[in-house]
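First the structure, then my questions, so here it is.
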Amino acid sequence: MVVGKVTGSIFSTRKLDSLTGFKLMVVNIGKGKDDFVVAMDTLGAGIGDVVLVTLGDSARFACQNEKTPIDAVIVGIVDQSNYNL
Amino acid sequence: MVVGKVTGSIFSTRKLDSLTGFKLMVVNIGKGKDDFVVAMDTLGAGIGDVVLVTLGDSARFACQNEKTPIDAVIVGIVDQSNYNL
Amino acid sequence: MVVGKVTGSIFSTRKLDSLTGFKLMVVNIGKGKDDFVVAMDTLGAGIGDVVLVTLGDSARFACQNEKTPIDAVIVGIVDQSNYNL
Amino acid sequence: MVVGKVTGSIFSTRKLDSLTGFKLMVVNIGKGKDDFVVAMDTLGAGIGDVVLVTLGDSARFACQNEKTPIDAVIVGIVDQSNYNL
Amino acid sequence: MVVGKVTGSIFSTRKLDSLTGFKLMVVNIGKGKDDFVVAMDTLGAGIGDVVLVTLGDSARFACQNEKTPIDAVIVGIVDQSNYNL
């Protein structure tokens, strides 16, 4: 998993039916403003939260329907680390 | 998912049978002209649209036949974001 | 998918049984001489052809046996694009 | 797999239920301080240990429940190599 | 697949049970000394051999047990190429 900071959200009206109702957050996972992914969120993450993101095919398994075509999901909100993130 | 801008389309006559009928769009996902992927589109995205793209194995699950060998699909057209994309 | 140009082929005598009979092409997918992948080809792509390559786990689904351990396959030969590739 | 060094751990109270009880370690896999992943650990790796990490969808298969949405797991602790890591 | 050169091997006593008995080789896949992966080998590759490596989830399918959590496997030893590797 990677650690990132939630910096925004994305809205999309025309989308695949399988993504209906999903909350999509912009998560910066690098140093640059452009190093971000758009991740599904079910934990209620807010802007500024430091989060754990699972990338790739594994992300599907965080959905109720495992066949949802997503590749990034917030799996945890970090509250503490002994590593200087 | 990543955010990108549709910049063109691709045509291929000699292709795997499993890709017949697919609309393939060029989506720039980085800053450089060469940072693009070719993504399947079922939403009617047009050139200039800002889109959400799912990459990797998850993309297969946006196809009617989950065993289609694709690794990029447009899953949404972005209409709004509170993030300066 | 990514777009690349076929620049050579690879021969391997000692290989996994599951790869027997496969045609393996070198496909340049970047600007540098070293930005290449080795992709399975079933379309008869030749040196110089511009091709579409599916990367990652999805590539397996282009094989008759879906459990073949490959991660790159030529899924189409590009004949036209309105994008300056 | 990649080789990395364990440099810390991560704690998350609000997380997906499927990750409850998991030990999550920060593993540096590059030269920079920011080249790290957060990997599940079941081997008791400690800070300073050199470890082997499996990345991507394969990581799920190190979990008792294969449908756990993780993308990085420590699969071994390196005790010796004839390669100057 | 990517092409690389075998440069060493890795030994790990504390590892997941599912990796017991696996031969793990260090394969350089880039120009830098640090551009390497650790790949499972069942072909008897030796140091100096130029090999084909399958990366990612597909690598699991080279194992007798498809649920082995590995992400890199040597699938062939290259004996000839018309590409200057």
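Per-chain residue numbering starts at 1, and chain names A, B, C, D and E are given in the order in which the chains are listed.
Definition applied: a contact is a pair of C-beta atoms (placed from the backbone, for glycine too) under 8 Å apart; a residue touches a chain by one contact, two chains touch by 3 or more.
These figures come from a predicted structure and were not determined experimentally.
Trainee: Would you kindly give the rotation angle relating subunit B to subunit C, two copies of one sequence, based on a CA superposition and rounded to a multiple of 5 degrees?
Mentor: 70
Trainee: For subunit A and subunit C, what's the span in angstrom between their mean Cα positions?
Mentor: For subunit A versus subunit C, the centre distance works out to 31 Å.
Trainee: What whole-number Å value describes the gap between the mean CA coordinates of subunit A and subunit B?
Mentor: Between these chains, centre-to-centre, one finds 19 Å.
Trainee: Residue numbers in subunit E touching 2 or more other chains?
Mentor: Answer for subunit E, listing residues that touch two or more other chains: 56-57, 59-60.
Trainee: Output the circular ordering of the chains, read from subunit C in the direction of subunit E.
Mentor: Listed round the ring from subunit C, with subunit E adjacent next, the chains are C, E, D, A, B.
Trainee: Which positions of subunit A touch subunit D when the two form their complex?
Mentor: 1-3, 30-31, 42-44, 52, 54-62, 66, 73, 75-83
Trainee: Can you check the complex and tell me which residues of subunit D touch subunit A?
Mentor: Of all residues in subunit D, those touching subunit A are 7-16, 18-19, 24, 26, 34, 36-39, 56-57, 59-60, 67-72.
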